[in-house]
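Okay, structure first, notes after.
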Amino acid sequence: MATPLVVSDVAKSFTMHLRDGVTLPVVAGVSFSIRAGECAVLGGPSGAGKSSILKMLYGNYAVDEGQIIVQHGDGLIDLASASPRTVLSVRRHTIGYVSQFLRTVPRVSALDVVAEPLVERGGDRETARAKARSLLAQLNLPEKLWALPPATFSGGEQQRVNIARGFITEHPILLLDEPTASLDARNRDVVVELIAAKKAAGVALLGIFHDLDVRDAVADRVIDVTAFAAGKIAA
Amino acid sequence: MNAQSTDIATYNFAYLDEQTKRMIRRAILKGIAIPGYQVPFASREMPMPYGWGTGGVQVTASIIGPDDVLKVIDQGADDTTNAVSIRAFFKKVAKVDVTTETAKATIIQTRHRIPEQPLTAGQVLVFQVPIPEPLRFLEPRETETRKMHALEEYGLMHVKLYEDIAKHGRIATTYAYPVKVEGRYVMDPSPTPKFDNPKMHRSPALQLFGAGREKRIYAVPPFTEVVSLDFEDHPFEVQTFDQPCALCGAENVYLDEVILDDHGGHMFVCSDTDHCEKRRADGHHGHLAPETHSASGKMEPAE
Amino acid sequence: MTDEPLLRVSALSKFYGSRVGCENVTFDLWPGEVLAVVGESGSGKTTLLNCLSTRLLPSSGTASYRMRDGQWRELYRMSEAERRFLMRTDWGFVHQNPADGLRMTVSAGANVGERLMAVGDRHYGRIRATAVDWLSRVEIDEDRIDDEPRAFSGGMRQRLQIARNLVTGPRLVFMDEPTGGLDVSVQARLLDLLRGLVTDLGLAAIVVTHDLAVARLLSQRMMVMKDGRVVESGLTDRVLDDPRAPYTQLLVSSILQV
């Protein structure tokens, strides 16, 4: 089976220049891989570096050491050392990301927020909107909200917009950062269904789930992040 | 052509000293070589205020010779103060013959008109110009307008015409209507009515422009392309008048409105007085023409 | 998207006597890419923008631009006529103060139409129709087309300036603090509009701003400048979420949270 994502010996620390250059180690020696059609879950207590790992995989955090090899198009690229332009291309075509919080743009409707990633990939705007509609309906977002900018939505409503935005594309790799945190049971179940559908479609998923029910429902395996605790190696 | 007189109180021929005339002639020659291009020159103080034709007078003084016959018109008329004084000036300082007849003149200095009678080869038309820079309306910086001329950036000229159409539904500019000379320089034809613009195109006469206060000379050599700027869907048009001249009955000439009384009575007559008088002498008359008329085409001998 | 950049800048420096304007700036800009240049006043970001837009000649370094015909041209070796032609066709420049980029005494329609007339459009009806279209795209009512920008609010003037610049379909737009001096609500509207136009038209843009929120919303890439030098550059969200340089960390930690 294909392995579109391979992480090897990745390390990350923060240097706080405003506090006399103190270095905060986050993770070190991070190594794992995700196969197509598999959903792996990062496990470990808060502060173990789960979110940081996800952000490095999305190019949102810089990587100090190691490699993140991604199957991008016909080739392999190392995301840890890729140029910003390559990272943008990877985000557009290969790696999708559902963040914890929706970063809204003033005056753009929920529907267009969801449709945008498809349009960015060169999709037709109306086709993208149609797909956005069906996803928002599946996630039980009231139709009267679709045309409104999500800035004023509740946490759960924003989260569903965010999930729809992340799931609308057919990225071969999908990163999920607590997508169900502020959802009720019914919508959690919808997310579980969506994840199952992605797995069936051969997408490699990596997520963080604090909700044990959801985690058990979607996880093929759990990657224990405490094994990568930077202190262990640094000490 | 130095003054021959032994009388120390007399002026040099045509008032200006010979060095100045040479300087101005060089500017004129450069202007002729680059049609429509504004040549800077060291404008002199003249014995008349700016705005009274100091630029035109300096050009005329620099080209006039003892054999020339001078005609001076002010808005088409030979008999207004400005025209009479300039004519008297050259009669005195250059001792040349002067005339009011377009055909007999070798040099015609004009303020804001081109005679109705077509000019011929060998004649020189000297325009008095107040503001030579056609781009000045929208771009106050001289450094910038010179650069725009140099780089042929004339989009701004059409902005002015665009504004006219947007505000008035048509190009409402009726005088100082910008032209492009020989496909290159955009030029202000001085505040002549746009009615006269077509007369500049491929005219057999040499046309010289002098701006005394602004210290610029420019020229349109004989048989030069002079095209009025316009839009495809708002083409250049000259003014038309819905009645002929009240005195001579001429059509397709430029008319002035003359107020007759305090009760709103008025008539439209030829702005070109010489043309009007000549027509009346030839027997044409309009609906307000008096029964008798005076003879026209006075030829005044030099003093 | 092509695999060739639009603009290549190499070791660009500008000195004012012994004082540094900007020093040793190198980057490539691709079609459709928005690059934010951030830093405080005096950091050299405006000097850099003026050098790139050839309003200022650098002391050393090169900048090459890929023309519409695919030819690479060295910007500082082009004649002034060519540079000015580029400036009013393939480029745009949005000034912080709209009065610097607009003709305040001619109508909004003429402001938008000027570039068209400059490149030879001589059909009034067509020019006006294009002006109407562009005014609507920047959300200015059609019935304001014959008003002078003097009668416009700050936000409208800025939108008019944008329309005036974009009417010839430029591929590269320089913006100097495009939202500076505007009310917050007006800023949001302008940013949203800019974001939409940049995406729809596939514009490349270099946006100078001291406002990190503006950079985050508009740009994909970012350069942080201090004392004339680039201290950090990269993906905008990476620079803002994981700032590495001491100065960037200071900038990011200085943002007021609402």
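Chains: A, B and C, in written order; residue numbering restarts at 1 for each.
What we mean here is this: a contact is a pair of C-beta atoms (placed from the backbone, for glycine too) under 8 Å apart; a residue touches a chain by one contact, two chains touch by 3 or more.
If you're wondering where the values come from, they're calculated on a predicted model, not measured in any experiment.
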Contact graph of the chains (line, ring, star, complete, other): line
Maximum centroid distance from subunit A, chain identifier (CA atoms): B
Distance between chain centroids, defined by C-alpha means - subunit A, subunit B (Å): 78
Centroid spacing, where centroids are CA-atom means, of subunit A and subunit C in whole angstrom: 32
Centroid spacing, where centroids are CA-atom means, of subunit B and subunit C in whole angstrom: 47
Of all residues in subunit B, those that touch subunit C in their complex: 138, 147, 151, 153-156, 158-159, 162-163, 165-167, 230-234
Residue ranges of subunit C in contact with subunit A within the complex: 30, 33, 188-189, 191-192, 195, 217, 220-221, 234-235, 237-238, 241-242, 244-246, 249-250, 253
Residues of subunit A touching subunit C in the complex: 14-18, 55, 59-62, 84-85, 87-88, 105-108
Subunit B partner contacts - residues on subunit C that touch it in the complex: 80-81, 84, 88, 103, 105-107, 109-110, 113-115, 117-119, 122-128, 145-146
